[in-house]
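Some structures are shown below for you to check.
Both complexes below contain chain A, partnered by chain B and then by chain C.
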Partner chain A sequence: MKEEIRQTTTIAVASGKGGTGKTTVAVNLALTFSRAGKKTLLLDCDVEAPNAHIFLGTEGMESSRVTVRVPVVDESKCDGCGACGKACRFSAIVSLGGKALTFPSLCHACGGCVIACPNKAISEGEREIGAAFRGMFHGVDFAYGKLRIGEAMSPPLIRVVKKFKSDAELAIVDSPPGTSCPVVQSVRGSDYVALVTEPTPFGLHDLKLAVEMIREIGIPFGCIVNRAEAGDRLAHDFCLENDIPVIGAIPDDRRAAEAYSRGIPLIDALPDFKLLFEELGGKLIETAEACARKEVRR
Partner chain B sequence: MKELTIVSGKGGAGKTSVAASFAALARDKAIADCDVDAADLHLVMEPAIKHREPFSGGSKAEINLEKCSSCGLCRTLCRFDAIDEDYKIDDFACEGCGVCTDNCPEKAALLIPRHAGELFVSNTRNGPMVHARLIPGEENSGKLVSLVRSRAREIAENEKLGLVLIDGSPGIGCPVIASVTGVSLLLIVTEPTLSGLHDLDRIASLAAHFGIPSAVCVNKFDINIEMTNSIEEYCAGKKLPVVGRIPYDTLVTKAQIAGVSVVEYSGGAAALEVSRVWKKTNYMLETC
Partner chain C sequence: MKIAITSKGNTVDSPVDPRFGRAAGFMVCDIDTGECAYKDNAQNLSASQGAGIQSAKNVADSGVSAIVTGHCGPKAFSALKAAGIKIYTGAEGTVAENIEKFKAGSVKEIDNADVEGHWS
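Up next, the complex of A and B:
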């Protein structure tokens, strides 16, 4: 089946531990693919602490407010019956002193209270939870989200960033660290996940958690070992024992740390890293596209 | 009783390494690892678990297909696209809101509580510690963080300990908010990179939003001294005290491999400076 419908192959870059190099990998891969002539989309889904724009730029980006629906109570119609509070599993609306009182920051926007109210006293308004940005940089179609300070729930904003439509052949998703709901929201729907780790005890421990999470979601994945030191087998051995393919390794190099600190993509700062990412990208794309084709056939 | 939370905005800045050292340096404290979805502090604390309790995060819907009449109402009402054409629930999409269970005419949908993790109370060589494990992929990390914090506070109260030392998680969202609201002081660990500065601004803004006093220390400051200076200028502008510059030191990773904090592992430049950072932080704690 050669003439399949052209679709985007999506690769998510994730890690259990923070600071292992997700953004470095995502940005340098996106630039490498785009320079090789592929239409590439980069989605920075780490909306709590987005960093990819530091390496790409923000000039001329289009921004949009991102809102979620929240209940609005018409007090003239509310008789304080408490049906809304019974329907809400998140304690975001309760009946107090004969009137319904809302706690918008706890609301999941499920609409349950609106349905439950027998007096049709609840409608829905909007609450701003952050902003989404989009622009073109060095041939990469780039979008990111920025969670409003003090906002607890990032998944609704991540959903918005992931919905940016594009005719890209390749989409790279830069995920937040950890293994809980924001990460699940970021990597879901991807064809392949590249887990970035570092060969330290903390790195290895969090890699195990990330592997557990990705296996549960059921997406094919491989591992990239960052800050690899010659002869250090910690991460490699774990991958070998657990049948996890190692896609590649990025050497521990002070020059890389310095380029990163200044916000310069490694492939622009260091010719040897340009070659490294071309090789890494080639391997990754081959595997991810194979996974995507399998998904289409299924 | 005081509470100190160590945060960073950006992951991998060195929160846990600093927290482990503080655990060795501080007297009379309970330790709380509030990074529940990628907890690492226990790797350098050798906790002997003496108590465990299950954590139920939230609920997920389940549809009894024998009762289901395929009327489609739940699929229309569900805002999370969690119910497929065969009325199977996608657990990763389901928020447990109960709209399907409350409105199903056949009462075929049920909310089932989820086992989402486990909380541990342990003894360590540096005092009592509360830690947890969120099952990878589960929700409600904020709720588990609050539980870890309140257990650690109880221990501190019962044992008359003056401090709860909290290791936070990266980011500025739900688990971080749960680990910082109402604490006496935040120590923000950052690194001298543009990303470090950007995320420092995010977490410092969060602290200001909740009115929490904060101090900053720059880890691996010598990776880029210019950037360290920019960070300190930023801090001066925001009236954030800088309590130290920790040098890059390979002994930090070696200590991690040995399963201890850097101040317990050796002397060396990083250990020396972390001790100084603790003294200054402790002084701020006593006066705030």
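Up next, the complex of A and C:
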């Protein structure tokens, strides 16, 4: 997978807090890059609540079922030895009352139990966890995943969305919010991460967590301050103190909120935002491409 | 006959732990001889998921035929059923009081989980 991504410069848009403007930034950047003549791929990896398609459209998208492997026990061969349960870290299979019992919703599809079973009583079946969609909108090659309602296992679906083959020069990954497995799965393999934050105490608190996570993964990153109020230094000061580049700021503007609420990309609704994203995108792409060439290593 | 009662402490005077999967521990009691032993469940108390399943495995390994607890979720229920263990819920008060209630037949057996799982 790494090799496939290497040919494309990949920028992940992430945040600690939800609702900071990841999708707004990701969609507007993708459209800006595409209009500047770059072959652009947008991957909405927020599979629990995908919404980039609201701005881009869904018409004519190709869909595919996404499944994960789950253990299927042949009870005639199972002697209840418990080797499967010992191999499973997630309690997805356990030997009780003389036979193996499976809990598919807990299974991480590692296949360990199949190998561990001395009686070859376990084979692998499929469990549907969601669907992936792919289409072309306004010159942007666009894909997103949609997790089945009630499903907790999002990383395998995110992996499918990220594996869509493309000849794009540039890929934008719209990550889910937070710092847990789905986020790690989304940003991993990117050349650069743009952390979108807002200058509020909540925003700052969750930004700190996101920074810790990205540093742990070891990807170069910078911040975009959204809904920035003139004079509100909360996010800027934190970045300054912690040696984090601020890639840009997006002003708090009622017109932006109105365009967003109607599902219109900011760059189409507001000429000043078009300029803003061209500048932001220019800076971002320069930094990300430099990182992709490994000129910058943090 | 041995039963397990979810317990917040390691004596029969300890209060019952209302949770099964994430119970602090179990008092495993032989109701014929009156002998009781404490079985720790700390590992499952802090598990990120599958606590009910592992707790069921934990009590099944002690050879009990019934459990008495406050509530039981769906995965713990399936696991206990598969192990052939009867499930009694609604327990309150101390472990000792519930041993007496069990002997008197005044605890409620359930044939379905009585609470939702915490995880899908």
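In this text, the second predicted complex is superposed on the first by the 288 of 298 C-alpha atoms of A that agree within 3 Å, B and C clash if a C-alpha of one lies under 4 Å from a C-alpha of the other, contacts with A are read in each partner's own complex, and residues count from 1 in each chain.
We adopt the following convention: contacts are C-beta pairs under 8 Å (C-beta built on N, C-alpha and C of every residue); 3 or more make two chains touch, one makes a residue touch a chain.
All figures in this text were calculated on a predicted structure; none of them were measured in a lab.
In the superposed model, A:V72 lies in contact with neither chain B nor chain C. Of the two partner chains placed around the shared chain by superposition, chain C is the only one that A:G97 touches, whereas chain B remains out of contact.
Within the superposed three-chain model, A:Y260 lies in touch with chain B and out of touch with chain C [touch as defined at top].
Looking at the shared chain after the overlay, A:C81 reaches neither chain B nor chain C. Touched residues of chain A, counted separately for chain B and chain C, are more numerous for B.
By the touch criterion stated above, A:T20 is placed in contact with chain B alone, chain C being left untouched.
With both structures placed on the common chain, the touch criterion links A:G111 to chain B but leaves chain C unconnected.
Once the two complexes are laid over each other on the shared chain, residue contacts for A:A152 go to chain B and to chain C alike. Legend: residue contacts after superposition of the two complexes on their common chain; A:I217 is shown touching chain B, with no touch to chain C. The intersection of chain A residues touching chain B with those touching chain C, taken from the two complexes, comprises 90, 150-152. The touching residues of chain B, when paired with chain A in their complex, are 8-13, 16, 37-38, 40, 43-44, 58-59, 77, 79-80, 92, 95-99, 102-103, 111, 134, 136-139, 141-142, 169-177, 191-196, 198-199, 202, 205-206, 209-210, 223-224, 227, 253, 256-257, 259.
Considering their complex, residues 85, 90-92, 94, 96-97, 99, 101, 103, 105-106, 150-152 of chain A touch chain C.
For chain A in complex with chain B, the touching residues are 16-20, 23, 46, 48-49, 51, 54, 87, 89-90, 108-112, 115-116, 147, 149-154, 176-184, 188, 200-202, 205-206, 209-210, 212-213, 216-217, 254, 257-258, 260-263. Here chain C touches chain A in the complex through residues 47, 49-50, 53-54, 56-57, 60, 75, 78-79, 82-84, 119-120, going by the rule given at the top.
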